[in-house]
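Here subunit A shows up in two complexes: once beside subunit B, once beside subunit C.
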Partner chain A sequence: MNCIQRYKIRTIVVLLSLVVAASLFSSVAFMKDGLTKEGELSLKYAPDLTVQGISAGRQTFIETSYMDIIQGIGGVREVTQRIWGYGNVGNTLLVIIGIDLKNPGINQAQAYPIESGTFLNAQENGTVIIGKAVAEVLNAKVGNTIAVLSETNQAYQYQVAGIFNSESSIYNADMIVMNINDARVFFNFPVGKATDLNVYVSNVDPANYESLINSVARVISERPNVRVLTKNVLLDSQQTTYGARSGFFSIVWTVILIAVALIAFNQMVVVGHESRFEVGLLKSLGFSTSDVIQIRLIESATLGVIAGTIGITIGILYDIVLNAPVLSDFMIGWAVLYPTFSVPVYISAQTVFLTYAITIIPLLFATVIPSWLNATVDPDIAMRGART
Partner chain B sequence: MKTKLVVFITLGLMIFVSISCALSESDWTSKQASPNPIRQLVGLPSIIVGNLSPAARNPGIEILCTGLYDTPGGYCSYFTLGVPNTDFPMGGNFTVSDDDN
Partner chain C sequence: MIETKNITKIYNKGKKYQVEAVKDANVTAKNGEITVFVGPSGCGKTTLMSMIGQLLTPTEGKIMFDNEDVTSYSDGWKSVFRRKNIGLVFQHINLLPNLNALDNVLVPLLCHDVDLNEFREPALDLLSKLGLADRAYFSVEQLSGGQQQRVAVARSLITKPNIIVADEPLTFVDENSARKITDFLCNLKEEGKTILISTHDPNIARLADKTYTMKDGVIQ
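Moving on to the complex of A and B:
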């Protein structure tokens, strides 16, 4: 610690550079882990297969008549339709989900996380449930009427039946759930068409799950104008998306880290010259070359631990307290178009250790050569040289 | 004195990091363990909610995204990488035989 304090300039320069590198890496990594985890969690409950319509290579409506055909395939437990899209309330872009309440595809006995009001009634049209954050943005309460502008430039009015508070901040921030009939009218969907079909397969032994999925998917994909998406494909695409996005930052971060390593190398060389008397004294007292190198490496490791700790702390505060300004826009999209929500952050032990590792190890590599050059000097020459 | 202060501050921050990590781990574990009817009802990965609208995408990143359009679960520009990995062979025999001759 005394050595770290003695060479103040070196300490400050290396510490500052490492803190910037560690905080940038950790904040992006925590956010990426949170987004991936959020996706995994939702996919756990997603339908086993999602069937979309395809026309001229582009995604389009799907015929609901396929539901009966798919239902007849061996191993299929349930098929539901879904209509979803986007609508504007004022300047806020919201996701509108139309659910077939008579056949929702899940166990209806489960309690929905409704904070106030009630859940949708299958017999009632013109009502919606909205997320808690949406309610705050719109200043809407249960019983209020909200007007949503459709693509046909018509303002549709819906009564707020309930406000849900899901543990997913993203759901709460921009989702309106309504009866599928209302969604059909809102999006001007033709009768007999849906956005996609959800296919749930029978409960089978996990070992046979993949083969069942593949066999059902194969049969569905033989139908014309359909695209079949499995959970694994959806998960892969999410991981690729966020992996690639954080990958852009990894490049920036790697450049910063190389710069930090060069700075550390440079500073260690300078300190090496300044500490010649100290090294000479240590060697005259019986310290070997490897002992001196060890001392220098311990110094660097201590510096790396301090910088890593400060960097991770800044990363956590930046993500959680400040809600990751700038970086969250990059990871999520245009933040201005939908209500603000807290970005999912996952501070995993793995990422914390990884941040420490990539903060300390390059610093050790950058230190070892200057330390060796410094330690191999003859003690007599070193002490005389340092005094002259 | 200074040395002690640096050590105490570093230890304090390390404890803060450890507690944050433990809380985050337990929070996600409990989220995974508890059933979520809203997620089940919607059936869409929540992260795509609000992201798939072309208006909501970041054009700097999504500039290549024009071909596949909305796909539940991911950005279409990256989805092109995922689709070929769908591991189910096409059924049926596509060879046309001319048996009438």
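Moving on to the complex of A and C:
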């Protein structure tokens, strides 16, 4: 610690630079990891294939008559239809999902685990289940009635049958789930059309899953006016979006890191005058070159660990306690529609180690090289050079 | 015993401003003796002392310690040799400013595989013998030049070296400190240490068992 205290200004400048770089990097990386994980969770109960209708290259309704055709393809276990879109509750825009409860494809109660109340009943219309965060923002409880405004400005009343708490915070924050019949009425969808079709394949050996998915997707794609999306495509799409956004900050961070490395190296060269004297003195007192380098390594590693720890702590506090002001708007731009949506944060060991590597490794190089150069000359030359 | 055989030091050899600081110096320093080097400033005393102290590699010639040529030692072995055998006192004192007097005395032990706590008493004892018992925990800035040099003398002795190389140790030292340092060096001589001193000071020159006079890099 005496070594670190020796050059206070240099230490403070390097420490601050590293803390800024580490906190910016870690906060963005934690958000990116959180969004990636969120994407994976949101797709956990997604169908194996999502089939959409295409008209003039854009998504449109899909004919439900395709369901029988797809059902006839080898390897397909079940096909179900879904109607979804957006609706306003108060000033909040929420996703309205209509699921076919008579032909659900999977156990929907697992996808939307009910925390209070009950799940939707296939025999009942006019009831919904809502995400926990939605319930909080609407101050809605089980048994309450909520009014949802359609795009034709018509208000529909639904009774809250249950409140679900999904693993996915996106689901919890912006989703109202209802019977497909209610959704058809709400969106004014004609009979025989749906937003998309959800395809579930037969249980197969995981090793053969991809090839089955691809072969089913290929057969469906041969039909006119359809587009087939696999889980991987949806996940890639999400990760590309967030990856590109965090990539922007990676560039900013890289610039900062280079600046930090230059500052550290510059400080080492400038302070090298004194440092050179010290190296010469230590060697004259019997220290070997490796002893001197070891001292510098410990000094730099200590500084890097302190900077990394402070940076990571600031990154975590910024993301979790402050909910990442400014950065969160950029990282999850669409979420500004949902004021209660907290930026998902995932603190992975990989990101923590990477942040420490970022704060420690450049400093080690910047410190050890000048020290090594000073330590390889005769101690008398080192001390004279420092004094003159 | 230390012997130098025709040692020469040329700075910037082969370059425009080449300087031959020491030329063909032959020196013998016996155990239990004080060997003194005198001469005007710039005559090469410090360079010669640095070469003998293994701080500077001669351009030519050999340095023998107890008949062993240490000139050809590697950098690592020279460090080990210094660590075990040589205590250095510099003209410019060269203490570490962020440490107190006691810690400065203990610094050479950091590269020895020892428990520093075991050496606190011996270090305090050395400081006490040099008249600095009440200054042990003072920072370097709080000490006068003479006191700092006495700390440096204590530092050079904490590892109990056989050879003391002191380069103009009294240059920046007051009369009181000079007397304490010279008395101390006399005691070390009685202990059988090999002591080499470069100086302008006639008081130290009087202690010499053997004196070398230098001029323009050459021993007269």
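Rule of thumb we're sticking to: the second predicted complex is superposed on the first by the 347 of 388 C-alpha atoms of A that agree within 3 Å, B and C clash if a C-alpha of one lies under 4 Å from a C-alpha of the other, contacts with A are read in each partner's own complex, and residues count from 1 in each chain.
Just so it is clear, contacts are C-beta pairs under 8 Å (C-beta built on N, C-alpha and C of every residue); 3 or more make two chains touch, one makes a residue touch a chain.
On a predicted model such as this, the values are computed, not experimentally measured, just so you know.
**Q** With both complexes overlaid on chain A, does A:A173 touch subunit B (first), subunit C (second), both or neither?
**A** In the superposition, A:A173 touches subunit B alone.
**Q** In the superposed arrangement, which partner chain does A:I347 touch: subunit B (first), subunit C (second), both, or neither?
**A** Only subunit B; A:I347 stays clear of subunit C.
**Q** After lining up the shared chain so the two structures overlap, which partner does A:N153 touch, if you call subunit B first and subunit C second: first, second, both or neither?
**A** Neither subunit B nor subunit C is touched by A:N153.
**Q** Between subunit B (first) and subunit C (second), which, if any, makes contact with A:Y112: first, second, both or neither?
**A** A:Y112: touches subunit B, not subunit C.
**Q** Between subunit B and subunit C, pick out the one touching the greater number of residues of subunit A.
**A** B
**Q** Let me test your reading of the model: by the given contact rule, A:S65 touches which partner, first (subunit B), second (subunit C), both or neither?
**A** neither
**Q** In the superposed arrangement, which partner chain does A:E38 touch: subunit B (first), subunit C (second), both, or neither?
**A** It touches subunit B, and subunit C stays clear.
**Q** Please indicate which partner A:L285 is in contact with in the superposed arrangement: first for subunit B, second for subunit C, both, or neither.
**A** Once the two structures are laid over each other on A, A:L285 reaches subunit C alone.
**Q** Could you tell me which stretches of subunit A are touched by subunit B in one complex and by subunit C in the other?
**A** Residues common to the subunit A contacts of subunit C and of subunit B are 2, 5, listed in rising order.
**Q** Which part of subunit A faces subunit B closely enough to touch in the complex?
**A** Residues 1-2, 5, 35, 37-39, 41-47, 50, 52, 57-59, 80, 82, 84, 86, 93-95, 97, 99, 104-106, 110-113, 164, 166-168, 170-171, 173-175, 177, 196, 198, 213-215, 217-219, 221-222, 227-230, 233-238, 240-241, 244-245, 305-306, 309-310, 312-313, 316, 320, 329-330, 332-334, 337-338, 344-349, 352 of subunit A touch subunit B in their complex.
**Q** Mind listing the subunit C positions that touch subunit A in their complex?
**A** My answer: residues 47, 50, 53, 55-57, 75-76, 79-80, 82-84, 86, 88, 90, 92, 94, 96, 98-99, 107-108, 110-112, 155, 159.
**Q** Applying the document's contact rule, which stretches of subunit B touch subunit A when the two form their complex?
**A** Residues in contact with subunit A: 2-3, 6-7, 10, 13-14, 16-17, 20-21, 23-25, 28, 31-32, 34-47, 49-51, 53, 55-58, 61-62, 67-75, 78-79, 81-83, 85-92.
**Q** Looking at the complex, which residues from subunit A come into contact with subunit C?
**A** 2, 5-6, 277-278, 281-291, 376, 378-381, 383, 387
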